[in-house]
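Here chain A shows up in two complexes: once beside chain B, once beside chain C.
The block that comes next holds the complex of A and B.
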């Protein structure tokens, strides 16, 4: 691993085509970050983590597409595994709405929640389009992947990338990762795997993701919004305030009309008053 | 329509529940009451002054609940002041992000609190209490002051809807009408609140007719925004989420709350007859004087619950 220098953009390239679903990333993450984890949930598949949350900053998704009967080889698509993580978006929804400025962009170009600044308002939870952030019930602050901010400061790569036995998780300078990803997807296409695609490698979603992916199916299969749906919370500011302003004008006009000075009420004709 | 063209939400709900529901309710009533009080004083006759003062009292009474609920809802309540002061080491200072409604709202609520408190003190003075404050307050509290406070009151009543929309949550972020919807419902609810409070201040009952007419005008405004809200959800395919069972019941309660106003508008239009100014409140039927306004207030609460809970 080359030296990690502040001021340079770093990230993850998660290549799901070589993920074997071992969850070493989850374990390494919990060990390093001292996350106690949740009680495991045993469901229908191999996923007993469930989702990214305050306790799980890496989550291996298992996409079970195994057909009921064996009709063909599956071509490596029957089981899709993907080690999900905070995307460290260039245009980050969480950072945009955070009212305390607890969420910052670090000197490594990663998105970091300062635990001593966050007050647990959960606006970032409502904003994150990837279901990454959760408020921890013990600490009372929002938590997510830090891209091992502390390890980077010490010149070490993130724990998950170091633990990954297949190099599905690669850590490095963003420009180098992007070049490697483009080579990799080109190789896969050449090998007859047309479904391989990159997500977040260019600026199509949230201005580019520092943690981007090579996927083996469309993004929405992995619960990732597609380019059209990757939108920022602030898009609704103008429309929301405009509608409120229009309503306020109408309400004030209504009040002015209702409260206007009236002439003394004319005496009602005898028996002519409605009930 | 293929999957890729649909509106997609892969988000976690922020768990803004009961504390926030109560906050939305009282923020709407506080801001709305302040606005109505100002309009009554500005536009009404001298006989409407007691009702205007009642409005400023109501605005102040509804206010303290708001910050308490907001603080209790935080994961770290004692850090509530981080909303206004950035404590990042080496980068500390006041923090205001106009593009984040929660940040703007924290300051807006604080500013409105100042105006509502000063207007409350001013109202006390006008009512003959704490008269030693007169010299301090008199130069402050003219029409310009209450007009500025009313702008903040309208903001406090409406920004909460914008806050929900400025997210990536289903329903909330699929519509741009929530700020207007909350604002319209807040004005209707505030008119109903003042209507109920008339019982406590006999001198204010002269304004009963005017408040009744106001309810008749705010009701169609709220109805229109409910319709707009529903229409904006259609392209996102979110109508079922927001209006399906059991939330239908809450929407029906919200509609029931504006039914008296709509009914009054249809039958009497803007005329103040029958139980308006010409009939003393003591003779008015209990239904019109109490039950209907309370139903309107229940509708204000139901409407906010029907927006908050379906996606959480």
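The block that comes next holds the complex of A and C.
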């Protein structure tokens, strides 16, 4: 692929219409990032990973909606697969709540947690609307997809995108990915697949996602907040001062949630969108 | 691979992975490429995303392939002959076949002898006493010179017999046998029918879901016949594309992993053949048309003599028939199941397993365990402990009762050695050693070389009844105990014994003892200039490396034969040499240079088109693809037969429900019956792989064990409701032969089917677990359930269709 240039915005376009659920992305991610993984556990037969967490920075969701009877069910509608990942939001609540500035926006416009700066406060865990971040029990720091920051610095695309056999995961400059995604969704509509839609490609969710998706059903089917819900509280009003206020509220709330979580033997991190 | 050889002349995927992106329609049968071939599946998705190709997945289960297909047809396992037969009937009935192609490139016009018959499920030529057909009974009318009579309008032309044979396969009959609702079938049939046009092309992608049946060869052949009728063979984007289940299964097949062939698909000599004349007369295809090239048949002796010179060197001379006497001439079938049958009969002393674990593979693993127990010794060469090296300690076995001495020889993993892999598309690609061997492990071929030299020393010292096959074998390597794979590759390529130079093509092989070739189809892969399988001129510069733009990439690795990328590509052009579809040319006749251009032609390279031109399929005696074929053991046309264990009688001929040519091992050996009936085992089961594992070896890979940690079976939601089973519950699945006690995964992806008016359920059995591996406690062997019976021709086990019962625990 073309050279990876600092100063340019990069991201993922994950096209779920061609995902085959092979989980090469999950394995490539763990291999590159040296994540030991969780203990083997039976989930539901196909998804035995469960969720994005400290050990799983890519997670393939399986949504089985196949009816008992035989039907003309193709085009990815009946058994949906989607390789989920950190969205690298433009309005990244994790970054905004981080008290130590451990979470930064990199020269590739991605959201990165610096492990040596993170103090383990968990604010970001609570703030993330996508439940992407988790504390690593061994290192005591918050972990999530780095968009292979180290690989980008070395001029290599992220491990998951490189491993993906069907190009369901595409890496590239954001503007090029967005253009490709719009072409792809147009093609699908022309081929009679009206369910296809883009998620996070424009600024409607959290100001736009650097890791955006082509989905084959409503975002809610993939446990993603829809456009109505996917805004930071400040963004409901246009004023800039409110944005600052909202961020502050969120930070406080995130702190409270994190504080509660520390006391809670069985923490249930909640989405920041409720703030 | 038997069926493709019987139909086209070579036993291999006809096109190649990258080529699938040229297809307009992709039929996927007996395969789950998204899970078993996720990397190659890229090209199916490219066909879909780049040109809007339609993928039709006919499968018992709604799999990860179905999830991205345009249509999923829920078909009863093993009933694909009825599906393809129904499509053949639809195409012929609606005149949708590619008429000009059929006359040009198939044997549709040849007239079959009037002794041909088919009645109530039985073809002519069946011998009740032996339970086998005589395939020579299926022959053409010939003239005094042995040329077949050609008259497509004759009532006994292949085309008219084909029409009559499949006229019974109406959409109603297809529905009764397969369970595919007729409306849905007809929708697909209309789409398939469009690909009979020259500007459309369809590919059929299949794997062991077609092979693993008592009718496996015929399941594949029925698809191949459909492709010939529609004019889709030999063309980019077309073909019969067999997806092989390991990185190098095609290489194994090419180099004679099957008991009945020598390297390069030469037949194993048979008892009674006393010289090369006998051998060639009984093995090589006969020329049946004046213009047939019959390349394989005409050159059979050259290839065989060059092989004998490779193996027996100076011992092989014209005076001794090039040491033909030194080759074994097995009198009995020695295929996979037969090995364990012989062991059960107490006729085997020992067994060496390399690259496979018999216990897990089965079929009927419990019976295989008994077979291994009857050996004096078992030697396992493997990088890991396997269910075979540990068989004496399998759950249910009492080690004290097992007298078999087991030797575990640590072998290197493929990542610890160099050598080539030949992929499904016949591309031989050299790889480097990535890691040094661990501990005292040795390469399998070093172990075998050492063993061979020790056995030879014993023969030298002690003599023996027939020492020459061992004493005279060449071991012409720098260190005979440690042959380098590079040396073996050069030996396989062959050389001119006069000049000492390695050969560039098998056209130069001779039958006078002046050339060698360890496997003639690989001659040319290692010419004097070097090992062509190491070439890597690929997508880094498509304009330079893919001059035709068709994705042939001729300087990427090397494909047999002679670096040809699409087999039978003469049929990609019309009789005058113009491509059927100018947008997707295979080869094109260039009148200016008087040569064929494009891919490496599967045809004499300077033979001009015209009425006297050589016929298009150079590997068959007919000179065409074979709709009617005597190359199989159970009938010249594929017929639907029920699996040996089936819940219904054959709707076409209940009196002949299963194929008459099936070999029932237990019955023949006088052992108790191990087949169940629908009264005790009411559900159909089928076994398969999941994308997360490769057979059994990945039980040693932590990341993959995490992805799929535990054995399970897939249960149809409706049946699960009936039995109160939920996902995660423990269930017992049992056949007449064994049981599994594992978790259930409840899903609508396996639904009920209506078969001949009766509701049947199918249970899905992933195969990957056993009693060795890093995740302990996974001791159930899926193949404890599968039946000890195989295909009528190839004896490949019927892993994909059998009867079970299901209970909640």
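A few points about this structure:
Convention: the second predicted complex is superposed on the first by the 226 of 275 C-alpha atoms of A that agree within 3 Å, B and C clash if a C-alpha of one lies under 4 Å from a C-alpha of the other, contacts with A are read in each partner's own complex, and residues count from 1 in each chain.
Simple rule for what comes next: contacts are C-beta pairs under 8 Å (C-beta built on N, C-alpha and C of every residue); 3 or more make two chains touch, one makes a residue touch a chain.
A quick note: this is a predicted structure, and the numbers were derived from the prediction, not measured.
Within the superposed three-chain model, A:225 lies in touch with chain B and out of touch with chain C [touch as defined at top]. Of the two partner chains, chain C is the only one touched by A:45; chain B is not.
In the superposition on chain A, contact of A:24 is made with chain C only, not with chain B.
By the touch criterion defined above, A:155 reaches neither chain B nor chain C.
Using the contact criterion defined above for the overlaid structures, shared-chain residue A:129 touches chain B, although it does not reach chain C. In the superposition on chain A, contact of A:186 is made with neither chain B nor chain C.
By the document's definition of touching, of the two partners only chain C reaches A:166; chain B does not. After superposition on the shared chain, chain A has more residues touched by B, the comparison being chain B against chain C. Those residues of chain A that touch chain C in the shared complex are 17-24, 26-27, 30-31, 37-38, 40-42, 44-46, 48-49, 64, 66-76, 78-81, 165-167, 184, 187, 191.
Partner chain A is touched in their complex by these residues of chain C: 34-35, 38-39, 41-42, 45, 48-49, 52, 55, 57, 62, 64-74, 179-181, 184, 187, 691-692, 702-710, 712, 714, 716-718, 727-728, 743, 745, 747-749, 751-753, 775. Of all residues in chain A, those touching chain B in their complex are 51, 53, 93, 96-102, 104, 114, 116-123, 125-131, 133-136, 139-142, 218, 220, 223-226, 228-229, 231, 233-234, 236-237, 239-244, 246-248, 250-252, 254-262, 265, 268, 273-275. Taken together, the chain B residues at the contact with chain A in this complex read 3-5, 7-16, 35-36, 39-40, 42-45, 48, 73-77, 79-80, 82-83, 86-88, 91, 95, 97, 99-103, 106, 154, 158-159, 161-169, 172-173, 176-184, 187, 207, 209-211, 213-214, 216-218, 221, 225, 228, 267-268, 270, 272-274, 276-278.
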